[in-house]
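Data block below; observations after.
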C-alpha cells in the first residue's frame, strides 16, 4: 500500500533511475516531508544535483525548466499550490507552450510542472482554487488531472516521458488516500479516458477527486435503479472526446463533475464536444456538478456551501433520469 | 466620424473629466500615436500626473493599479498586447479578482485593464493570441470584448465606472474602422448582449471582430433564404445567457464565433449554457467558428489557414440549416 | 538611545501591544487543538517587535499591508481583536466575515487593508496605495511588511524601482528571519543583502535588531518623519527569529535548527528583551506590568471563549461535523 | 588594446560579419516596401557591434538566446541567411518554416535556439540552458542578449540571483541603447545602472562601448575565457545607439531624438568606426574590403531575389491577395 505522495515519489524515482536527464526542483522540495511525501527520498537517492531546492522565484524557475528542456533534459518543476503558477504564466503560456511551434517544431519541451490544488481546511481563496481550465485552453500544453493513487504515478511517469510541456494537477484531498500500486510503474497513455464504472443510464464525466465523488454518488443511485457510467478523463489536454461521445451514445444523459468553476470550465468543454457532434444528442439537459463560482471562502461553514455536495448531486441525477 | 482609437481616447477623456479619481498609465502611453491613437491627447488634457508612462514591469504595474483602486482611485492600465498580461496574472487573478471576496467585501477594486489582441500582419505566436477565456473562468473578474467603434467607447466607459476589476479586450483589426459616435459617450450596461441582426433560422453568438464577421456571413446567407440572428455578447463576464437562450428558443440552431481557441473557449461556454438549460434544445449540432487550435504562425500564407474564413463559415451554416 | 530617556508611557504601550499579540498567539495554539480553528496559521511568535515597533511609530491613518504571517501586524495596527478571533473561527462576525481566515486578516477601520498569502503579493499593491496617499497631499505613508522569502521574487525589485522613480511614500519592512518555510536565506540568495540591493534600486535602507522593539520603534520614528517630508521610499530590515514552525501552531518547531539553536533564540526573543528593559528601567512598575499581563490574558481568553461558543452554536445549527477528518496540517 | 596588434584576419572577419548584417537589414528596408515581408521587424542597425563582437568571441557550440531585435544575433551566431530571408518572407523554407517570422528567428544548427518577443522572456530560459551546459561538463556557455528595457522586468533579477547562486556559465549581454520603444532608460529606472545592480546580485559585470566591435570582441574574449574556468555568470553592458525606429523599417526614425542627435549618432555608428580602423590600420586592404562589401551585398541580394520569387509563386499558388490591406506598421 502506497499513499498518494509515496506513489508520486516512486514514479519520480523510477523516471530518474531510468533516464539521467530527468531532474526535479521546487521551493522546499527537500524539506522533511516536503510536498506531502511526494518528493521524499529523491535527494537521498540522486543527490542534490538532481533534486534541488530553489529560491522563491516561480517566473525564473519556469523559464529555467524550459531552458533545460531545450537542451534535452526532462525537468520536473514541483509547486505547492497551483496559484503559484500565476507568477509563471508568461513562461508557461508564452514560452513553454509556444516555443516548439514558434521554432517551426525544431525542438520539443519535455517539461513537467506539478501543482497542487488545496482543498478545505481553510485554505481560502489564494490556496485552493483550481485553474486547470486556463491551461487547457492553450494549444500544445498538456494538462493531466489524476484521480487516484493507482493512476497518479502512472500518469506522472507518462508526463515526464512525454515530449510536450505538461501541467500535472493534483488535489490535496487525494493525499489522504492509500492503495496498492503495481510496481514498477507502467505509464498510462495520455488522452485516454478510463471507464471506472459501467452503466447505461447516465454518463458521469469526472476528473481528479471528483471521480471518487462521482463513484460514491453512483453507488447511492443503485438503490434507485439508476446505473451511472463514470468516466475518468485523466487528462484535459489531450481530451478523450471519443470516449465521452461513445458513452453518451449509450446513456443519452450526461453529468460533468469538475474540481473547478463552471464558466469556461470542464462542463463547458464537454458540452461543446457533445453539442458539436453531428451524431450524438442528449435526451436531457446536461448536469454540471462543480464548486460555486466564487473564490473559496476560508470559513469551514462557508466551505461547506462552496464545494459540491454528494447528496445534492445524487438528487439532481435522480431528478434528471426520472425526467 | 471617429476611428476606434479616437473613440476610446474620447471615452477615457470623458471619464477623466467627470471623475478626478480616474487616471491612465501604461508602457509608452504618451508616445506620439501611442496605443494606436487610443490614448492620444490625454497627457495634454490632464497632465502627466493623470496619464503617465511607466517602466516595463507589468507585474508591479498591475499591483500598482490594485493598490490605487483600494484607495478609491479608478485606474486604467493600458497594455499593447494581451500576452503581456501573462506577466501580471498573479496580481490579476490572485489579487484583483480575489481581494474583494477575501476581505469579506470590505472594498471593491474598480481597476480597468485594457489589452489588445494582435491580428494578422505576421504578429506571430506571442503577439496575436486571444486569452479572454482564461480570464472569464475566474470569479469576480469582468471581461469585456467590444465589437465596434460605436460600442467600444461606451463599454470602456462602463468598465471604468464599474466597481469590479475589468479586463477590456480589443482586437487590432477594429482599429482600422471608423464610425459616427454619439457624444457625449453613454455607458452601456455590462452583461447585456445586443441583437445586431434579427433572424429566425440560426443564432450566431459572436464577440469582438467576429461580430462583423458573423454579420457579413449572414448577409451572404440571405440569398439562400437563411435569416441568421447575430448576437453580440459585448462581455463574457458577466455573460448574457438569457439573451442566448431567448434567441435559441426561436431559431433552434446555434453558431458561435470566437476570436480565441475552441477548447474551454466561448463555444464551450455557450454550449454549456444551452445544454444545461432545461427548456432549450437545439435541432442541430452547434457550429463553432474559430481560429485553429494552434499558436499563430507568422507567415502570411499560414495565417490564412489559421484564422476563420467567411466563405467556409457560410458554407457550414448552409449545410447546417439545410440539415 | 539611552534607556534613561525612555518615557514610562512608551514602554508601557509597547509592552501592552507586544504582550497582547503573544497572548493571542499562545491562545491560538491551545484553541487549534480543539479543531475549531480550521486553517493554516502562521504564528508571529518571536517576530512581534517589528510589527509593534513600526506600527506604534506610525499613525492610525497610515495604511498597512501584510502577508501570510499577519497576526502581529493586524493587532499592532489596531485591528479588532474580536474581529480577528471570530475570523479564525470562521464566523460571519469575523473581520472578513469568514472569507479571509488567518492568512487574510484585514480591517479597514484600522487601515490594515490587505494580507496576501501569495509571496510578495502585497508588495506592488503597496506602491499603488502609496501613490494614492501621495496624491492626496496629506503626509500619510504606506507600510508594507514582507519576509526575506518575498525578496526572492522579482516583483519586489520592480516595485522598489517604481517607488524610487515615482518618489512614493512607501516603507517596506522586511522581517528577516533568514528563513522561508525551511530554506535559509543564504541558500536562496547569492547575496542575501536586502538593504544593499534596495539602495542599488534607489531606495534608502537600514537594518535594525528586529527583536528589540525599542530599536525598531526609534528607527521607524526617524524614518517615518523623514518620509513625511521627502515622500521617498525606504526599506527597514528587521533581523529576527522565527520561534515556531512555519505553519500550524506546532510548539516544537521544525526547520529552524537544532535544540540548542532554538534555545539560544529563546534567550533573545523580543518579550524577554523588553521585559528586561522594563525591569531594569522601571523596577517599581513590575507589579503594574504583571497586572496588565493578567488583564490582557483574561480579556483575550474571554474573546476566544465567546468565539468558541459561537463556533459551537454555528456548527450545531449548520450541522457541521464536530470533528473534521484528520488533516496533515504540518505543511499546508 | 593597441591597434597595431590587431591581426588583419580578425578585422577582416569582423568587417565581414558587420557588413553582412548591415546589408541584410538595408535590404529588408527595401523589400518591406514591396509588402512581401509582412510582419513587424526590429532592425539592429547601429547595434551590430555587440552581436558581432560577442558572438565572434564565442564558440559555435556556445548557445545563444535573443529577443525581438534578433537579426544581428542570428546572423552573427552563424544562422543560415537563406533560412532567415525565407522566414521573413513567410516561406516554408524559412528557418522556422514560417512559424516564427522576424521576431522569432532560431536556428538550431547555429545554436541560436530561441528568440522571444516577450520582454525578458528568454532571460530565465537562458539560465536553464546554462545549467544544462554546466552539467555536461564541457566548457560551453550560454549567451543571452537583452535590451535595457528588459532590465525593467523583475525576472531579470530573479535570474541574476539564480545564476549567481547556482554558478551558471551564463553571459548576459545587455545592449543598452538607453531606450525602450520611445521611453528613455532614465525615465524608467531610478538608478539606470545595469552592472551596479547585477553586482549586488552576485554577478560580476562590465561596461564597454557597444559601437566599437573591437572593444566588445576583446572584452567578450576575456570574459568568456574566465567563465569557462569559473562557470560563473557575467553581465556585459554594451552602450550603443538605435538608429532606426523601434519597429518597422522606417528610415526616418521616431523616438530617438531630434535631427541633430540622430546625426551625431550616425557619426559614431559601428560600421563607421570599424571602417575607420580598417583604413588607418591596413590602408592597403581598402580595395579588398570594398570588394568584400560588393560581394556580400550581391549575395544578399541574390538570396532576397530568390526569396521574393518564391513568395510570389506561393502567393499565386495559395491565392493570397497580392497587396494586403494597408496596415499601421509604425507601432506594432
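Labels A, B, C and D are assigned to the chains in the order they are written; within every chain, residues are numbered from 1.
Just so we're on the same page, a contact is a pair of C-beta atoms (placed from the backbone, for glycine too) under 8 Å apart; a residue touches a chain by one contact, two chains touch by 3 or more.
What you are looking at is a predicted structure, and each value in this text was computed from that prediction instead of being measured.
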Worksheet item: Quick one: which pair of chains has the most contacts?
Response: A-B
Worksheet, complete the sentence: Top of the farthest list for subunit D, CA-centroid basis, is C
Worksheet item: When the centre of a chain is set as the mean of its C-alpha atoms, what distance in Å lies between subunit A and subunit C?
Response: 36
Worksheet item: Cα centroid separation between subunit C and subunit D, in whole Å?
Response: 48
Worksheet item: CA centre of subunit A versus CA centre of subunit B: separation in Å?
Response: 29
Item to complete: For subunit C, write out the residues touching at least two other chains, lowest number first.
Response: 94, 96, 98-100, 104, 116, 118, 121, 152-155, 158, 161, 165, 188-189
Worksheet item: Which residues does subunit B have that touch at least 2 chains other than itself?
Response: 54-55, 57, 59-60, 83, 86-87, 90, 94, 101-102, 124-126, 295, 297
Fill in: Footprint of subunit A on subunit B - complex, ascending
59, 83, 86-87, 89-90, 92-94, 97-98, 101-102, 124-126, 131, 133-134, 136-140, 236-237, 239, 254, 260-269, 271-272, 274-278, 282, 285-288, 293-295, 297
Discussion item. Which stretch or stretches of subunit A touch subunit C in the complex?
Written reply: 27-28, 31-34, 36, 53-60, 83-84, 86-87, 118, 120-127, 175-176, 295, 297-302, 304
Worksheet, complete the sentence: In their shared complex, subunit C is touched by residues of subunit B numbered 49, 54-55, 57, 59-73, 75, 90-91, 94-95, 99, 101-107
Worksheet, complete the sentence: Listed in rising order, the residues of subunit D that touch subunit C in the complex are 152-158, 161, 164-165, 188-191, 193, 196-197, 200-203
Discussion item. Applying the document's contact rule, which stretches of subunit D touch subunit A when the two form their complex?
Written reply: 63, 94-100, 104, 106, 108, 113-114, 116, 118, 121, 123-133, 135, 142, 154-155, 158-159, 161-162, 165
